[in-house]
Amino acid sequence: MDSQKIAVFRKENFNAAHRLHSSYYSESENQVLFGKCNNPNYHGHNYTLIVKVVGCIDIKTGYVIDMKVLGNLIKENITEKFDHKNLNLDTSEFKELNPTAENIAMVIYTILREKLETKFELKITLYETERNYVEYPA
Amino acid sequence: MDSQKIAVFRKENFNAAHRLHSSYYSESENQVLFGKCNNPNYHGHNYTLIVKVVGCIDIKTGYVIDMKVLGNLIKENITEKFDHKNLNLDTSEFKELNPTAENIAMVIYTILREKLETKFELKITLYETERNYVEYPA
Amino acid sequence: MDSQKIAVFRKENFNAAHRLHSSYYSESENQVLFGKCNNPNYHGHNYTLIVKVVGCIDIKTGYVIDMKVLGNLIKENITEKFDHKNLNLDTSEFKELNPTAENIAMVIYTILREKLETKFELKITLYETERNYVEYPA
Amino acid sequence: MDSQKIAVFRKENFNAAHRLHSSYYSESENQVLFGKCNNPNYHGHNYTLIVKVVGCIDIKTGYVIDMKVLGNLIKENITEKFDHKNLNLDTSEFKELNPTAENIAMVIYTILREKLETKFELKITLYETERNYVEYPA
Amino acid sequence: MDSQKIAVFRKENFNAAHRLHSSYYSESENQVLFGKCNNPNYHGHNYTLIVKVVGCIDIKTGYVIDMKVLGNLIKENITEKFDHKNLNLDTSEFKELNPTAENIAMVIYTILREKLETKFELKITLYETERNYVEYPA
Amino acid sequence: MDSQKIAVFRKENFNAAHRLHSSYYSESENQVLFGKCNNPNYHGHNYTLIVKVVGCIDIKTGYVIDMKVLGNLIKENITEKFDHKNLNLDTSEFKELNPTAENIAMVIYTILREKLETKFELKITLYETERNYVEYPA
């Protein structure tokens, strides 16, 4: 029964450098488009990541998913990969792809979607700053 | 494809005075209904506004919408209009309409809906206090 | 018209002790499954509860529901019941049921659903810690 | 022994309207000095108040002061006085005195200082917004 | 030179059950004094601990103290000791001592003071809830 | 009279990239000392800066210092200098100096101390993350 579906959320953080730059545009167009976010020497953020997993409660454990298991999944696949890294230089995902909050959220979704059992629905919320954040899928 | 839809959020603040008072009721009924919120001399709040915009990622920029553009849209149409104002006295919208959080959120939605391209979905979250907030549409 | 639907949210807190323990498992299985959360002497949390009520704005009051009424409903039926209690020992709901965040949220939903007029939709968000929280229904 | 001194803190909130206006200046000077904060129709804030009390631990209770007692002292003398009020119009303290955060903090200090036993040291922190706050005495 | 002194802060959390009960009073006096906090079956909190260390900057590292070292000191001596524990039953410190926030802060201070080099000053802030917290020494 | 002294606080943010690296040590010593914070490609943070100014209340304005003046002072001298910058590469202050939170706070103090009238006392709080922050002078 659908009304049995419940969502659990796990919050994690990582701190990374990045630079907004699109290979579809010239240097000067990038400068106009992204302004100070285009700084060639990079800037950085404390990213806050919230992973939402929707499923049914296991009647025996009372869990949708063990939060320690979910926390470790995030740490092994996301935090260790992105924390204290330069997203443009140190990660294969953003060699070509512009590391906007939107694209980072989609990349995180794609990585976790493969690791998470298919019976679970998944949603990613990513805060770039306290004032700017994204959610995927909407 | 719908799974491409992603949401971006922008948080802004404004500080305003208001008084809850409904023209459908007598003075004494208003007093009973709204209690201390009916104070004829007004009281006030630090409102926190979160604007959610849902759309597709532009493959070239990596943005749903440029947050600077969205931030300016909110500042020009909402913050400058309501910040450091008395909602009942200084704004045309609440001359007749009771400035409850629900009505303020709907007014903000209506203003921004007209300014935002129709390809985007829009949702407004408005915190009146840390403990009381509303979301429109639900 | 559905677009008239608006959500209001009310945040409350309660502080309680609990122990995760499932009657479906042996003592040693419980120890493996729930680790330090299985401590027979209990541990505790500051739970943050957010109650979301969806309905139409009453054109005369400008309210979906009076927040004082909703706040009192939560205090009388939830906060007074669970605050400064041992969930496993002091409440009938968790005599058998494992007091995971998921199950606590469902219990709170069931209690409030009966007290709230059927015209309103209801959703419960429960924070066990700042990093772990649940939402029911999803 | 001085090293026995410990501080306890209690946080409360109140929501009020105010207008910055100084009787030392002309209307136009007030407008220049206080800008939009001088709006004659008032604006408002959610004030967050933190009361710090320094004293010795009572060896029998383990308390410096009972937080319920301190909380009630604040509610009876501050919150009920200022919450949902217009500071300029509804309170005797700000009939002449400009209700800046500095002056509000000093007024709260003066009120509570008289109510609190002299053996306790007192400090007031008052947030006007998340970004602007004051502390008295420094 | 004293003006070279700088403070560093490290925040950690632990979740514990406790019961306020003083051996200086009878059962009924305890009930009157501590009210619902005296519940014999315990209740609990998410405690937030902030450790402040004051010292001089090491000119070679640019650190007062390595935050990883400080974080591990807190984890090994405080978090592992108190997290997911019943303070009254599971810890030797509160067998006799009433686990008020004041006493917990002083116990944490005493433990860390012994582990921290004497050249550093130490201060403990402990949040029992978002609204109630203590600082030692004052 | 000293009891007239009151403190005002202004919070601002900036987002920057940095790398911990000390010229007093070899490459391998730096790697051991600073671990992942030594990443040669940089990482980054959302820094939160709180500027505390202590002075007397101007009896005519009710201000210690105009928060708009203080806010602009911070923006012109700190935020514009450091926001969306690589601290090691883009700023003269950290060409040689290791950009630890301690050193950044001292640099900000030195810059603002020169700009602020000598009658005011100044203190800087700098959050590198929600869990790690520093205060200068202590």
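Letters A, B, C, D, E and F mark the chains in the order given here, with residues in each chain numbered from 1 onward.
Everything below uses one rule, namely that contacts are C-beta pairs under 8 Å (C-beta built on N, C-alpha and C of every residue); 3 or more make two chains touch, one makes a residue touch a chain.
Just so it is clear, the structure is predicted and the values come from calculations on it, not from any experiment.
Undergrad: Tell me, which chains sit next to both chain B and chain D?
TA: Chains that touch both chain B and chain D, as defined above, do not exist here.
Undergrad: By the touch rule set out at the top, what is the minimum number of steps from chain B to chain F?
TA: 2
Undergrad: If you check the contacts of chain A and chain F, which chains show up for both?
TA: Of all the chains present, none is in contact with both chain A and chain F.
Undergrad: Could you quickly compare B-C and C-E and let me know which has more C-beta contacts?
TA: C-E
Undergrad: If more than half of the interface residue numbers appear on both sides, call it same; otherwise different. Which is it for chain D and chain F?
TA: Looking at both copies, the contact residues mostly diverge.
Undergrad: For chain A versus chain D, what separation do you get between their C-alpha means, in angstrom?
TA: 41
Undergrad: Give, as an integer number of Å, the spacing between the C-alpha centres of chain F and chain E.
TA: From the centre of chain E to the centre of chain F is 28 Å.
Undergrad: Provide the list of chain E residues touching at least two other chains, using ranges where the numbers run on.
TA: 130
Undergrad: Using the definition of touching given at the top, classify the network of chains in this structure as line, ring, star, complete or other.
TA: Other.
Undergrad: Dump the list of chain pairs that touch, please.
TA: Touching chain pairs, listed by label, come out as A-B, A-C, A-F, B-C, B-D, C-E, D-E, D-F, E-F.
Undergrad: What does chain F use to touch chain D in their complex?
TA: Result: residues 2-3, 5-12, 52, 54, 57, 59-64, 66-68, 121 of chain F touch chain D.
Undergrad: Under the definition above, what is the set of chain B residues touching chain D in their complex?
TA: Listed in rising order, the residues of chain B that touch chain D are 13, 15-18, 36-37, 39, 41-46, 83-86, 89-90, 129-130.
Undergrad: Would you mind writing out the residues of chain A in touch with chain B in their complex?
TA: 20, 22, 24-25, 33, 35, 97-103, 105-106, 130-138
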